[in-house]
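The data blocks that follow each hold one structure.
In the two complexes below, chain A is the common chain; its partner is chain B in one and chain C in the other.
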Partner chain A sequence: MKTKIINWIDKRFPLTSFVEHDLTGYPTPRNLSYWWNFGFLAGFVLVLQVATGIFLAMHYKADVQMSFDSIQHIMRDVNYGWLLRYMHAMGASAFFFVIFVHMARTLYYGSYRAPRELLWWTGQGLLLLLMATAFMGYLLPWGQMSFWGATVITNLFRATPFIGDQVVVWLRGDYTVGDATLTRFFSLHYLFPFIIIGAVVVHLVALHTVKSSNPSGIDLAAKDNIPFHPYFTIKDLYGLGLFLILYSVFVFFIPDSLIEPANNIPANPMMTPNHIVPEWYFLPFYAILRSVPSLVGGVVAMAVSVIIFAFMPYLDRSRIPGGARYRPIYRLQFYLFLADMLVLGYVGYVPPTSQTIVIGQVATLCYFASFLVIPFISRMEERWLVKRGLPPAVMSLMESESQQKSKNGGKQ
Partner chain B sequence: MENEALSSSDRRDFLVKLTSVVGGAGVAATCVPFVASMNPSSDVLAKAETEVDLSSIPPGGLRTVAWQGKPVFILHRTPEQIKEATASNGGSDPEPDSKRVKNPEWLVVIGVCTHMGCVPNMEGAGWVCHCHGSQYDDSGRVTRGPAPKNLEVPPYHFVAENKIVIGKA
Partner chain C sequence: MKKLMTILASCCIATSVLASEAELETVKVGNDVQTLARGADALMTNCHSCHSLKYIKYSDLVAMGVDKSKVDAWRGDQPMSAALLAQMPEDAAIQSFGKAPPDLSLMAKARDGGVNYVYSYLVGYYVSPEGVTGNHYYPPTKMPDILGISTAAGETQRSEIHNTARDIVSFMSWAADPHAQERIRLGYYVIAYLIVLTTLLYLVKKRVWSKLK
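Our next item is the complex of A and B:
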């Protein structure tokens, strides 16, 4: 009976071949470490956010008179409303956490290199969509931080040449962030996750075309692979268990830890809180914005600081396989970059003083410099490593790869 | 004859281009109402003017009123404050004090930092914006960045000695 049904479906829809191609027969390098779990975790958190969000929307009211109170209604009156809201608020932070680890892994192991540039860039697009969605969702509780965060960020568009002021009014639908702004942010906050789902499908199609990278950096295609199911479904599920423990600690024991206390005060357009801070995941970029002493310069610097990751496939000129694992200087650079991100995050969090402004400016310069020196350092490092002596197998691999590249280049 | 006309590639190219242009224009025209719907609606535009009675503000006192949903600072300046404000032309966006007031006793400025739109706080002589550290003097002129411009002076006029209407010059 079962085979009969499946046969019936297969004649009309490629079910069996899809499962074979993408699950039971999908070749996955056997040496993937737990750092390769975070893409799956991001997908899981996306589902979690969509699910909790849909149910929260059943009780939320997008109206400046009612939105703040409707959050209180969700927290006190709605059955398990507190749980849905804390899961959703913590889910946003969890989303950025797994995405940042996912990106850090890509940078560490050099997974952005050919042929995975499109995979990296679709991921970049997903990051931008995620940032926009999180930013718009943060306005919805209509607290002081919500209001002033949205005010500051929509004000960034004043940097648009010639029509800056009109663009800001158009985005807000009012002269200030108001009812029109709240309603459209709710509408778009509901829409964007579905665009994200579409973009995730594109990301996965690209992944299943070029297949997963792996810690060795050597292309293992058709050599050392095992099927994704059951080997990596089980590995991903184990990682999911660990993730859920951490997530539950936050949701059940410290649910307010990442919510700014000032957001428990209803939005007041006549008074800015003494100290406004964005959510933790925006802090480094916010610090870059604050470090440039001009409006347009700050906005451009912040935009570039997010987009600059896309240039990694071209900035990294080294042919040594395996990313930071086999490249001591790049590894040092990677950790220095992480430290710089933490410094920027700290500077973004504290109120601006003359001291933190200087620290922020130095850290901002380091941030951009660490990208701009990569072309030179990666080349020098490669020469140094070759001179010091590489295993013959790695040398021949590098040569055959560069030969193949020049052959392909000749063809075009 | 008819066959010739049908297979004429010039004619086909022209038709393809024409159809594309008409289709493109249609798409662009359809976008207009969607984009325009996001601009301020009529009821938002309607709350354009605010009348303020100044008689209750003591010398040196500050009143914040709402105009178009934005805070407007009305500062009743003392002779010392006026003297100080007229003594300099401000900082990075120089402008004489006389150009920023209708009556030197009354400073009327929009209380929105020209950097990122926060509301600055009155601190000592002038205002400090706590979001990113910009400072303004008693004429609403920026004295320390990152704000690029002075606090904006809204259009307003005196309807009586102690009454102004904000929203119309």
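Our next item is the complex of A and C:
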């Protein structure tokens, strides 16, 4: 009976071959470490956010007179409304945490290298979509930080050449952030996750074309690949359990730790908060924005700081695979970059003083410098390491890659 | 590397400077019914004439454990489902104090420092040598020293005022997040369940992967 039904379906829809191609037969390197769990976790958090968001939207009212009250209605009167809201609010932070780890892993192991450029770029697109969704969602509680955060960020579009003022009004739907802004942000905050889901499908199609990278950086022989199911389904589930424990600590015990106190005050356009801070996941970029004295310069610097990751496949000119694993200098650079991100995050969080402004500017320079020196350092490092001697597997891979390149070069 | 060390070092200096700016008194809020009921009582006596708690209804107080006869006395002829609005109309409050007294429902969460800030503020009044009453933690305040800490005579009275302030803050902490206790209780169950589940998943993972060797 079961085979009959499956046969019936298979004639009309490639069910068995899909499961075979993408699950039970999908070849996955057996040496993947737990750092490779975070893509799955990001997918899980996406589902979690959509699920909690749909239920929150049933009780939320997008109206400047009512939205703050409707959040309190959810927190106090709706059955387990507090749980839904805290899961969603903490879920946003969890999403960025997971994505940042996912990106850091890609940078560390050089997973962005050919042939995975498109995988990396679709991931970049997902990051931008995620940032836009989070930013719009933050306006919805209509607290002080919601209002002033949205005011500051939409105001940045004033930097658009020639039509800056019009663009700002077009985004807000009004001359100031108001009811029109709130309703459109709500609508788009509901729309964007579905665009993200679509983009995730593209990301996965790209992944299943080029397959996962692995910590060794070497394309493994067939015998070193194992099917995704059951090996990685169970490994991902175990990782999910660990993640959920950490997430639950935040949701149940310290749910207000990442919510700014000022956002428990209803939005008041007549009163600016003492200092406006974005959510923690935007802090490094916010620090870069503030480090450049002019508006246009700051906006450009902030935009470039996010987009510059996309250039990694071209900036990194080392032919040594495996990212930081075989490259001590790149590894040092990676950790310095993480430290720089933390410094920027701190500078973005504190109210600006003459001291932190200087620190922020130095850290901003370090941020961009750490990308711009990669082409030179990666080449020099490669020459030094080749002279010093690399594992034979790495050397042979480098040779075969360069042969491949010269062959393809002839065709082009 | 040297540059990085300098940056990190100056960060540490900056943090210590910020920390010394606001030294709030710390308070350990109670969440037992007696404390909360005492806090509700003190808040209704001292604060409610000017401040509202618009997200709290009289029925919420009864459900939390305040004596029903007391709640009946507070609400007068208002229904049980009415919110705790201030007794003084807002216009009159603005006339007397120059600005509308803020709603207290979320106050325990709405300031940096949370309950510690509110507690410090309530007991932070002093009389200057010129005879002017001020507040250490929020100098521009328009609120009078309602608990009378600045004019308190003797240690007993001062400690009584501190206790009242603690009760009020405990009640405000409950009002800001009435489901907090339920949330924490549920949290222990959820995490206990997840630890068991994760352990089982780990064992299954080990077993599945053992086939590879």
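Throughout what follows, the second predicted complex is superposed on the first by the 408 of 412 C-alpha atoms of A that agree within 3 Å, B and C clash if a C-alpha of one lies under 4 Å from a C-alpha of the other, contacts with A are read in each partner's own complex, and residues count from 1 in each chain.
Assume a contact is a pair of C-beta atoms (placed from the backbone, for glycine too) under 8 Å apart; a residue touches a chain by one contact, two chains touch by 3 or more.
None of the values given here were measured: they were computed from a predicted structure.
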For A:R30, decide between first (touching chain B), second (touching chain C), both and neither. second
Based on the superposed arrangement, let me know which partner A:T272 touches: chain B (first), chain C (second), both, or neither? first
Quick one: is A:A180 in contact with chain B, with chain C, with both, or with neither? Answer first, second, both or neither. first
Any idea whether chain B or chain C touches more of chain A? C
Touching A:W170, do we find chain B (first), chain C (second), both, or neither? first
For A:I245 in the superposed arrangement: first (chain B), second (chain C), both or neither? second
Touching A:I357, do we find chain B (first), chain C (second), both, or neither? first
Mind listing the chain C positions that touch chain A in their complex? 1, 3-4, 7-8, 10-11, 13-14, 18, 55, 105-106, 109-112, 114, 176-179, 183-184, 186-187, 190-191, 194-195, 197-198, 201-202, 204-205, 208-209, 212
Interfacial residue positions of chain A with respect to chain B in the complex: 148, 151-152, 154-156, 169-171, 173-176, 178, 180, 184, 269-276, 290, 292-295, 298, 351-352, 357
In the complex of these two chains, what residues of chain A are touching chain C? 30, 69, 72, 75-76, 82-83, 86, 226, 230-231, 234-235, 237-238, 240-242, 244-245, 248-249, 251-253, 255-256, 261-262, 264-265, 336, 339-340, 343, 346, 350, 353, 355-356, 359, 362-363, 366
Touching residues on chain B, where the partner in the complex is chain A: 35, 38-41, 44, 64, 66, 68-71, 115-121, 129-133, 145-148
